[in-house]
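Some structures are shown below for you to check.
What follows is chain A paired twice: with chain B in the first complex and chain C in the second.
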Partner chain A sequence: MSDDALLEVRNLRVDLQTSNGTLHAVRGIDFSLRHGEMLCLVGESGCGKSITSLALMDLLPRNATRRADALRFKGVDLRTLSDPAMRAVRGKQMTMIFQEPMTSLNPSWTLGNQLCETLRAHTDATWAQARDRAVLLLEKVGIPSASERLNQYPHQLSGGLRQRVMIAMALMCGPDLIIADEPTTALDVTIQAQILHLLRDLQREFRTAVIFITHDLGVVARIADRVAVMYAGEIVETAPVRELFERPEHPYTRGLLECIPVPGKTAPGQPLQAIPGVVPNLVGTLSGCAFRNRCACAVEDCRNAPPLAVLRPEHGVRCVRAGRLSGVQAPQPDTSAERAECAELTPASRLAAQAEDDVALELIALTKVFRLGRGLFRSPWEIRAVNEVSLRVKRGTSLGLVGESGCGKTTLARMLLGLMPPTAGSILIEGKKIDPTDSAGHRALTSRMQPIFQDPYSSLNPRRTVFDLVEVALRLHKVGTPESRRIDVGEMLDRVGMPTRTHHQYPGQLSGGQRQRVAIARALILRPKILICDEPTSALDVSVQAQILNLLLTLKKDLGLTYLFISHNLSVVEHIVDEVAVMRGGVIVERGDCTQIFHAPRHPYTRTLLASILTPEPGLGVPDIAGDQETGDRCRETENSCGLRPEKDR
Partner chain B sequence: MLNFLLQRLSVAVAVLFTVALIAFSLLHLSGDLAAAIAGPEATVETIEHVRHQYGLDRPMATQFFQWLSSAARLDFGRSFYFESSVRELVWQRMPITLNLGVVSLLLALVVAIPLGVLAAVFRDGVIDRLSMFISVIGQAMPNFWFALVLVLVFAVELKWLPVAGNASWKNFVLPSIALSYHAMPALMRLTRSGMLDVFSADYIRTARAKGLPAFTVVVKHALRNAIIPVVALAAVELGFMLGGSIVIEAIFSLQGLGQLAWDSIARNDFPVVQAIVLIIAVFYLALSLLGDVLSALLDPRLRKNG
Partner chain C sequence: MDSDDLPIPEIPPFESERIFDQPPAWRRLIARVLRHRSMMIGFTILALIVLAAILAPVISPHDPYAQELSRRLTPPVWHENGGWTHILGTDKLGQDYLSRLFFGARVSLVIGLVSIMISGTIGVALGVLAGYLGGRVDAVINYFLTVRLSMPVILVALASASVLGGSVKVVILLLGFLLWDRFLIVSRAVTRQLREAEFIAAARSLGASPLFIMLREILPNLLGPLMVVATLEIAHAILLEATLSFLGLGVQPPMPSWGLMVAEGKAYMFFQPWIILIPGVMLVLLVLAINLVGDGLRDVTALDGRN
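Up next, the complex of A and B:
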């Protein structure tokens, strides 16, 4: 152990007892952290990165057991500490920031109380001293009129402000280490950039070490000093940030870097380099390299567990072929066919497709007004969630609708799908006006237009098999005979890449990507011409996201589909759509050709949005998004949380 | 908040009117009141005389609104049996019932909340199983039977406490235990399930990550949020206790409202019965309202605008 190491972890293992057996969530990881260093733990969901952080804090759930050869923090072995001694470390020397700012603060206590109690629990500071420090830190994290905020409750603040309060709370006792578990994942892109900027500044100012956990390589590239890539409970590669992005060694790291669309680098419309397959099940024993079933470079030797080979100083790789793969281009058995198929879908052909003056979907001054706050002594007030939005989507093209939470994009989608009656305006499909609220109109609408929703975990009925889920739409619309339906459904499931053995499984037995494939098959079985994709990949891991985006691109070409693609992820939008409409506060602030929007944006808001995209390029740092953006938007955001979203608050 | 209160208040008034109407109608539909008051050996003339004397020959609607308007002025008429003012009668008996109800509720809360918290903290442990056992018995056992068992054991056999009457505080011990044991299980289980819900909340993880002592995490952060529905239920339970004390008061011969209601029903003393029904209804509504207000005060998110 080197002298300047703050934290030293050797062979950390965490097992979770589940009803299916023992799940080996973390399978022997080693890393160390220096004072004032920012280490990013990056990996997909289920790779064990959050469990690692909870194991360090000794906050594991009841069904978990922790073992390690060493867990040294400031020279003290955390394994030997009693509960009270560990509590004295936790919150004072080692603090944590969580993913969900909306639910991580206690709704019943004021911010001041929650900030001060941390300091009071660990030191003998008086309330007055604690308040002074709280005010100081709230100002540091950029919260205006800090002393008045102390008497406010969490629900009075927007998500971005709450996350700032969480950061201030983590700094109250002047910790040596902050563990930040996906602190910006639940936030909008512009707010994300601000929070990252803040964290980076504070980390430098206070010389605090940070373990930053994320799945987003763009974030990693911009803030990390050193990166550890996790896969299936192991660290498969660790290196300084520049080295990792410029000379990735492990096939998994390389796959991760290749499967994300990057504006300006990946060619729009071209299939992405998806990592085939899914993360292995960690229940039971796993021998050899965990990645070998998805690895294009796997050899016989991979059946033996590879050690962590140190290639260059500070660059470790857990791969038997470490150091011999750089320069070797991984063969691409899965995507080469798709690549050939999509080759003709270059930007030129996309423009050609647009030239046909053939409008698939048209919205004319579509408006939705929510009336709120009817009361005895209060006149009703209203929110124009969607305000006279007019759009045209030409047949065979895709329109991307982008904007941050609360901008009205989901409300717009709901009106299109007939889930919500519009207040005013009309919807035209292939030139015919459709009233989605009457049953004939709704039937006409569902046969031409189908949705794909964000969360494949909750949008599929868990009590129906994959086959039933897809077939039910045909049955409801009385299409074909049972025999013809069986054939149709089988073909459609093959088309979306669902193997035959999965056709009679239940959604609970499928992975997220497979579920989203089923959702796509279900949407396509009625042969609609238009798909409304509402954040179809934002609940998925990046490697799976690439698979689904490739599938959507192939289907669009094969079936001549028209997409309305709603997303907050601009990189994904740029990759998949022909035209973009930017939405803010219920209106379209800018729309245009994809290239124009991304390269020559006119509206300032579009520019802000584009500036917030974090491409995985180390050395660029976090963009400085004007700080008043958020505070100025606070009223809008708090209103949204109580009114603009009639559905479940995310 | 004001908006919310006014809304609830107007609903309460409507409910109260309905209760009064039903109570009035039921009594008048239960037979010829004049004949009942005059007694089994009265002649036709006597019955007619009674009918006229008590105003029972006037139209139903007139009688109802007259009764209602005097009730609003807290004048419930005169008891047929005691020949005294119903208001005074009720006034004398009310403290006993209120005492019994409040003491029983406090007893139930004092047992239920700590037990519920402990059961949640040591989930599936000995305390959890024991408290579940106790609460299942409490819910399954009729409380008059439990009251009789208490009397047999503590009053008749051990002679620690008096059997009946309302002479001293000792007379209230057994009835309070009997009444509270009936309300305790629901409060206990609501506390337990509320605590378990809150324990999985993100802000509890935050509190633990801050290194706060376990007691602070459980009481300040968890119980503070889990208690909100318990408070609302406790207010409603008190209403149930006031209405449901009839049986317990009868067993222990406590001269409370319940006992009075019981006797008055047997004696066809309908002004008293009507008054008690109305008063219990007022209590019940006031307590549910209080429960709502308390939970709004406890939850800053509800406090906001109402």
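Up next, the complex of A and C:
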């Protein structure tokens, strides 16, 4: 490549020794990076993008080995650097921003200390000089009253502010390269937009090259100069951002672009073009194209490993049929049946069918107050996590509850499920008042309303088999005989798309999507009428998210289910729900029909939320979310500083 | 190579194909067990000791209680005065040392296993209750724990044994009611973590009772950490039995026990060191083997996480 390349990587390989054998996490990737360029590495979990960044920083775990034909940074061969020499590069010329702002700052030191330390370790700057630079950078990253902030500790800041501090810290030594590993994934959407905006501005101002790692194509489209799509430890396609989004070549890239719901583009309620199957486990040896078992365009030739074919300048594709698929529309066998079933479900007919008084779930002034700080000499104080929320969900429709973290949506869900007694207010199911605290009421509740949780890795007991996980609900409610239960569970697992051979596996052997399918089967086995879905797809990869959303849509129609769909992902909400309620600070600030909320929002907060949706449209840039949000950020700060997580029942 | 003419297949043709060549799960488990060398060593030693204990009546060359005073303190076979009649020699009463060693293994293993079953049941039951229910129950159980931790085990065991008189039964019960503290601490801590897991919330929203959740949802997930505690505590119990027997308050002669054998041999320590070395080394080996197996089991049965 060109001589002015800042970083050049040739045939980088990383192997991890695990107890099950060698895991080839990165299988020979090539890329180069110019000064001041923003390269996005995009891919699903387990595709090797984080390991790649750790390999560049030489921060790999002990059981990993790194090999490369070339690994040049500013003309220096990183492979030959000793540990002390590498330490001098790290932090000074090459820095990293991590995903989790809550744990990436040391809680025992002040911000000033942590910021200045980096600079003092690498240069002979005095404390005063370091302080000045810290103040300057904190102001640059948009932290008000920066000099006072220097004496604060990380716990006094909200997640968004912490991530800003992390960015300032990365910039302290004026690095040539910043590696940002999912820096906004843990943040709320409005904060994410602000941070991305900031990162893009600073990158241009300081002419810093950035390797930005993410799974979110919306983010990629808005900030990248160039994109490298990774799959199973390989770069399958690399191109300038506009080129990639307008003319994707690799079937995987095209699949990824098609499987995310985009407001205004994908038709709500219609099945998405999911990529069948799951991301493979990388233990063992690979032969041929790693994507061929999920690829609808696969041919016999895919058994041979494809080279990276250069189609146009800077556009490389690792596919044997590269350049010949442009006109070919990939068939979608996985969803065609579902699409046919949903065909008659247009948004209008979905709503019109409902009679006015046919209410499945009604909440009247539901309130939850947490009393905190009870102690001998402290006066208790309260947090109204949910404040007099009243909602109605009509039978057979779905209500989307959107809001950012700490807005009370999870607390609301837990009260509905009887996991937490409400402080005041009542819950009505099909017109009947339910008291979830007494056992009869709870029983009535559980047979009509079931949850689907966010994290499929913690919502299934790891010591039960798939079959057992679903059957236990029937046994608890003493439904049927062992024989009838066996048939029932088998049918339900079929319905959610779990093949028979998986019925006796443990959750540890399943992928995230499969686990979520099991969770759905478990929720449905008692034939409830209402499902409370608490962020059901936010822990899943995008290609799997589409499968689960399609499944939820099909089940809703087939079984006449009512959904309360809680999410922070507005694109997903828009795709799946009929009505939306926007929640903030424990109250519903706006509610209405889905199309109305998305096209004519009234409340300013709703507008901010909508503005921060990042659709995968290159060239639009990151929206500038107004400074009004900064105060919102600080509001949440006080909440966070008392360590309140509303999930805890106390 | 012109693949354009190929018809586009209906379904991905390689869907069921194994792209990554991997051995099946059970073979990987076996490979993991075999590769865990320290566990295999521990397992071999433990298996030999258990076999010796079970087959003691069959493989013992002599009656362990038969005294032959004329041949007392015969040295073992590798000693210049030793002989093949008594491979490990005889003790001060002329009882065959090898046979006593075999029968003594029974006492050690039985005391180790049974007392840990008792203490494990007490500890885990209290720990899960305290961890899951929290609040007042937790406070009361923690009070019991503090009381128990403030009592020195050996002192209490000695005092009680001297009142009740030493026997295998008394030692088992004593240890069973004294060694539950670590079970409680570990199971309480793990339960508190699990209580927040979403699968517990899922079980509650399915209408499961607290008892069901504690027994069926939480308990199986405690297995890993408890396995480690149990092996540590079995070793602990075996050593305590040896200590009590050594001090004359555990197993009573003429019944053979490794601790008792050390105690009876202490007078001859300087002139016939083998007489305490043999049971002493066996104790060390047994405890070591149990710990190795425990650690290995934890590693091998650990759930496959996300790779």
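Just so we're on the same page, the second predicted complex is superposed on the first by the 626 of 650 C-alpha atoms of A that agree within 3 Å, B and C clash if a C-alpha of one lies under 4 Å from a C-alpha of the other, contacts with A are read in each partner's own complex, and residues count from 1 in each chain.
Assume contacts are C-beta pairs under 8 Å (C-beta built on N, C-alpha and C of every residue); 3 or more make two chains touch, one makes a residue touch a chain.
Just so you know, these numbers come straight off a predicted model, no measurement behind them.
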- Mind checking the superposed model to see whether chain B and chain C fit together on chain A or clash? fit
- Message: Taking the superposition on A as described, I'd like to know which of chain B and chain C A:462 touches: first, second, both or neither.
- Response: second
- Of the two partner chains, chain B (first) and chain C (second), which one does A:90 touch, if any: first, second, both, or neither? first
- Task: Please indicate which partner A:169 is in contact with in the superposed arrangement: first for chain B, second for chain C, both, or neither.
- Result: first
- Query: Is A:290 contacted by the first partner chain B, the second partner chain C, both or neither?
  - Reply: second
- Once the shared chain is lined up, is A:477 touching chain B (first), chain C (second), both, or neither of them? second
- Which angle, in steps of 10°, is spanned at chain A by chain B and chain C when each chain is reduced to its C-alpha centre? 40
- Query: Is A:107 touching the first partner chain B, the second partner chain C, both, or neither of them?
  - Reply: first
- Using the touch definition from the top, say if A:504 reaches chain B (first), chain C (second), both or neither. neither
- Query: Looking at chain A, does chain B or chain C touch a larger number of its residues?
  - Reply: C
- Query: After the superposition, what is the least C-alpha distance between chain B and chain C in whole angstrom?
  - Reply: 9
- The residues of chain A that touch chain B in their complex are 57, 59, 87-92, 95-96, 98, 100, 103-109, 117-118, 121-122, 153, 155, 166, 169, 373, 375-378
- So in the complex, which bits of chain B are touching chain A? 2-3, 6-7, 201-203, 205-213, 216, 220-221, 224-225, 298-301, 304-306
- Which part of chain A faces chain C closely enough to touch in the complex? 18-21, 23, 46, 276-277, 280-288, 290, 292-302, 320-321, 324, 328, 330-331, 333, 414, 417-419, 442-443, 446-447, 449-451, 453-455, 457-464, 472-473, 476-477, 506, 508-509, 519, 522, 526, 647-648
- For chain C, which residues are in contact with chain A within the complex? 1, 3-4, 6, 8-17, 19-22, 25, 28, 32, 35, 196-199, 201-208, 212, 216-217, 220-221, 223, 299, 303-307
